[in-house]
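In the two complexes below, subunit A is the common chain; its partner is subunit B in one and subunit C in the other.
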Partner chain A sequence: MDLAPFLLLAALEGLVQASVLTLTALGLSIVFGVMRVVNVAHGEFFMLGAVGAYVCASLLPGPAWLTFAGALVMAPLCVGALAILADWAMLKRINYNPEATIVSTIGLMYILQQMTLITFGPNAQAVNPPFSYTIRTPWFGYSSYKLFIVLVTIVIVIALWQLLRKSRIGLLMRATQYDKDTAQNFGIPVARVYSGVFAVGAMLAAIAGVLIVPIRQADYLMGHDPLLLSFVVVIVGGIGSIPGTIAAAILIGMSDGLLSVMLSPTLAKIASTLLVALVLVFKPEGLFGKSARQ
Partner chain B sequence: MDTKRKGLITTRRGALRGMGAAGLLLAAPGLVGRAVAQSGDIIRLGAPFHRTGIGASYGRWYEQTANAAVKLINEAGGINGMQVEMIVEDDGTDPARGVQVMEKFSAEHKVDAVFGHLFSHVVAATAARAGELKMPYFICSEAHTLAAGALNRYVFQPSITDVKSQVISMAPWISQNLGKKVTLIYPDFAFGYDHRDNFTAAIAAQGGSIVANIAIPPTETSFTRYLPQIPADTDVIYHVMVGPAVLTFVKELGDYLGSSGPKLFGFMDSLEAVRTDIEALSFLEGSYFWEAMPRYAQANQTEFDKFFREKVGVDASGAAVGDENDVSTYSHMFSVWETLFAMKQAMELSGYKGPDQKQAMLEAMESITSFAESNEFPQGDKVFNGKTHQSFGHQNISKVVSGKLEVVYRTTIEETLYEDEVDYTTMSF
Partner chain C sequence: MMSPSKKLLLLCLAVLAVLFLLQFVMPSYFVLTLTRIMIFAIFAMGYNLLMGYTGLLSLGHAMFFAVGLYASGLASYYWGLPLFWSFLFGIAASAAASTLIAFLALKTQTVAFMIVTLMFSQVAYLSILQFSHVTGGDQGLTLPPESRSFGFLGMTLDMTSEATRYNIAFVVFAAVLLLTYAVTKGPFGRLLIAVRENESRTEMLGFNTYVIKLVAFVLSGTISGVAGALNGLIFGYIGSSSADFGNSIEPLLFTLVGGAGTLLGPLVGTALMTLLIDRLSGFTTAYLIVIGIILIVMTLWLPKGILGTVRDRWAKWLN
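Then we have the complex of A and B:
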């Protein structure tokens, strides 16, 4: 294949990767930014989104696009409700203590994984894409659904940005992030903000899960890779920084796409890990992060 | 204060008592198990199946098939008058757990033999331990490792053929009918290397060549990124993929190639447990697949195939009876069935009564030279090589016609034979 179509395919693959990564990492980043909780179970919310999409698609009647639209709404809502439950039953009880939350979310990760294995089973399950048009170029074909993922991601990121910057909810979240105790003193319901933030974080991962399932299939172990990559993105982008997370997701997604198409997928993983190491050495607060406030 | 202390002591006692009871309960199954095993009126077979992990879709069907075969054997009076009990353990398709499960079968369940392992990396790890534990170990794996001499005298593959024999019988047909410049796509572990190495040699013998080797990790979930490695001058893409993402693999291959690309020859592994007649796979129309046992009941279906389908609960299209979406791993699962009947034959030949006669049973197995096509061997007749511990059988090439698989060529057994690479009978027990 010539260089130009080769680059085009690599860029497309990179964009899709970057989109899914943006959504998953944003969830992780918001939760850490506001609540200072390192959510190790984040990948499982992604997996539950995908599994939820399969369940919706097999239960709801109607054409593929309709069931998929249903899944895109219902699966994240269910996952969000589950996250609120986890926040109430677990994180709140240990006072969001940083070390304790790591250990307890590791536990949550295994619980969610095994519960899914017991109920959903070990097999990978496919969901039909809402439409299956293949874009043909002279050199290769490309699924139009993959570009739809990029589009949905852009819409959601813009909506999230508006929510955080322009709405009252966003204001409460930013106030809580800035100084939890003062926010509490000013009458901000910090406990409710926390459970809301945890739910939004989980829902972002779940949306990514729903979007990925028509091209990847759902299985109970699929949460592992997105979790690791999200951590990479959050560290590179600067912890708690939304623009940083988006920029890092695009950087890592695109470099992963380009390197894995042009050289080898293993090399792409090495490169992104190396990037984290370099960032940690030369700019420990991340590319967009501010120095830690004392 | 006093009452508090008293309370504490009682609970401590209570706790001790509870722990004792729990310990007894935990030990009990082992005790019972040993008592049963020693009484010698039952044959216990360990079945390490891939219930979870990347081999899960195979594991489920292997278990269902084995259950049906054991039921049939027991209904017909068992083996040498003894009923057969199958103990299933999940190995998670993981080599380390495969070894642990083998140890459990030996130490705790005290089984007579272990059978049914599939994934080659799990087999490679477990076989060595089986040899050390002197445990008869019957695999249903396809890997050439056994016939290559890398395992030991306790390991047998009496039903499914190995990759080498499959591949050497496919290569002439591929080079004559599809083309001589081949791109290989295979999973990046032992099983995949068997395909790569043996097919490279076999196609070279036909005057063909490999233009690219594309190895993909079996845990991979996204494949488009590998496909630009397919050179433009490829005549044939030879693909064999395993793992939970096989459907994604064929779909992305279809998106990438469209209908105009090189010819496709796949091993059925790329589509096991996946429906072929779905819209996303319409690009497969007219392409070819290797099948050990044809998934779709053919026009010349044997009565044995019919019997087998009925007993394992599979319909004429290879799906579970009553659920067309629950497609079986039909090209592989017959091997557990046939392996059980091969073990039965060896046990009957040696008058096997209990673990003391393990050696006699294994020697009886080595003395077997063939299996006739029958209800017990529904895939077809087989030549068994007692020296290499490996079976040889017919292979099928099927074409996708209206989303269904139609056999266009069935090889003879002679086409699948190759020279012995080992003589296990010269090794000591």
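Then we have the complex of A and C:
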């Protein structure tokens, strides 16, 4: 294959990576932005979305596209409900104290992971893509499903942007983010905003999980890498900044593919993790972020 | 009437006496468990110095444990260094590593500090896997028979003997316990607690809080390295799981359960959790779920841990 089609293929693959990463990282980012808490169990919500897609595909009757559509609706709703439960049972009770939140979401991470291991088993499970039309280019055939992932991501990101910028719910969220106590005094139900934001964050990860299953299989440990990568994206993009998160997800998703081509996967991970740790040490506002509010 | 710190010292000495005597009455499998408990209690005591006393919550202490383990183990494996010198080499290496990481990580605070320590630890873990031709990767390395014994003060100490392992672990444990006692009860210990309770006020009073945190971090990382070196040399095996995320969570769990910021809390937490995990992993592979539940229960209802609660309710001197 010549260089040009090779680069095209690498770019397409990178775009698919970037899409899934954008959704997962946006979930982590809005939770951190509004609630100022780090959710270590975020990767498990991603994993539960993927496992949910497998469960839907094997339990629901009907053609593949129908069960997949069912999974795309039901898995995020279930994960969202679980997130609301976790918020009510844990986070609210420790008053969203940042350090206690990290410790308790580590606990939640272990619980979700091991519950999945007990019920779902240790083996990776595959799900057929909802449709298997192949797009022919002069050089290679490309799965249309992967482009569908990119499309769904774009739709969700636009919808989320509209929700945050144009709707009343978004206004309440931004008010809470800006100043929680004043928002409370103005009658904004901060507790409900928090539990809603936590649910939306988890649902975004679950959607990403559902989308990735047909090209990557589901297993109970798959939440680990998306969690670390999402951390990377949120930090590089500037904590709490949504456009920054999207830009960083595209940058990192695209370059992750290239980096893995040039270096061994482990070496690529070492390089990117070290880089991000150093960004956090020397430029804590992120590469795209503005410095803190004066 | 005894002074509070004298009472605590007496309690520590009593605990040490009981630990020493236990080896004569316990069956041999339990002696092995107790050896492991003492080694991990050293790890947890190191962690507690930073997390419990200074208020800095690190999610990456596995890296210092692993540096101690690998530096001492590799020195013995490749250079054939006598065990005693390998042990010292491991401690020196973890002191150097924790100094380097302290300089970087202490530029950040709270949540960023947790993530940065987590990431550096992840880098250490991945590096062990990457350089598997030296480290043995996830298979690990088993130390050769000739580095399983060493001469010390005219005696030959054999690391395959149950009693030798126990007593070496006991001596190091006792040394670290008395060192932490001296550090936390002395003037420096009060500075650590001052930083934990109110850093800006401590600074306002004219103390350099950065230096205080730096010393606490290095001390904590080095003690974790002592535990790692001890673990590798006593059991003759060095493996990558010592550096993974789970091994950073364990000292946190042990310290939280026993009581953060109490001298004997790490020992209590390590003993309870090790016995529990050993019992559970006998009949389920999903024993991590219990760790998860306990982490949540501790943060929700018992944030001060067992000894922390006992201290607040009944015995103010039990710091």
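We adopt the following convention: the second predicted complex is superposed on the first by the 268 of 294 C-alpha atoms of A that agree within 3 Å, B and C clash if a C-alpha of one lies under 4 Å from a C-alpha of the other, contacts with A are read in each partner's own complex, and residues count from 1 in each chain.
The definition used in the following text is that a residue touches a chain if its C-beta (ideal position, glycine included) is under 8 Å from a C-beta of that chain, and two chains touch if they have at least 3 such contacts.
For clarity, every value in this text was computed on a predicted model and none was experimentally measured.
In the overlay built on the shared chain, the residue A:216 is in contact with subunit B alone; subunit C does not reach it.
The partner that reaches more residues of subunit A, of the two candidates subunit B and subunit C, is C.
Of the two partner chains placed by superposition, only subunit C is touched by A:94; subunit B is not. By the touch criterion defined above, A:106 lies against subunit C but remains apart from subunit B after alignment on the C-alpha atoms of chain A.
Judged by the touch definition given at the top, the superposed model places A:142 against subunit B, while subunit C stays out of reach.
In the superposition on chain A, contact of A:171 is made with neither subunit B nor subunit C.
By the document's definition of touching, both partners, subunit B and subunit C, reach A:117. In the superposition on chain A, A:191 contacts neither subunit B nor subunit C.
In the overlay built on the shared chain, the residue A:154 is in contact with neither subunit B nor subunit C. On subunit A, the patch touched by subunit B and the patch touched by subunit C overlap at residues 117.
Listed in rising order, the residues of subunit C touching subunit A in the complex are 57, 59, 104-105, 107-108, 110-112, 114-116, 119-120, 122-123, 126-127, 129-130, 249, 252, 256, 285-286, 288-289, 291-296, 298-300, 303. The touching residues of subunit A, when paired with subunit C in their complex, are 38, 90, 93-94, 98-100, 102-104, 106-111, 113-115, 117-118, 228, 231, 235, 264, 266-267, 269-270, 273-274, 276-278, 280-282, 284. The part of subunit B that touches subunit A in the complex is made up of residues 51-53, 56-57, 59-60, 217, 220-222, 224-228, 232, 244-245, 247-248, 251-252, 254-258, 273, 279-280. The touching residues of subunit A, counted against subunit B in their complex, run 1, 6, 9-10, 13, 17, 117, 121-124, 126, 128, 132, 134, 136, 140-143, 215-217, 219, 222, 225, 257, 260-261, 265.
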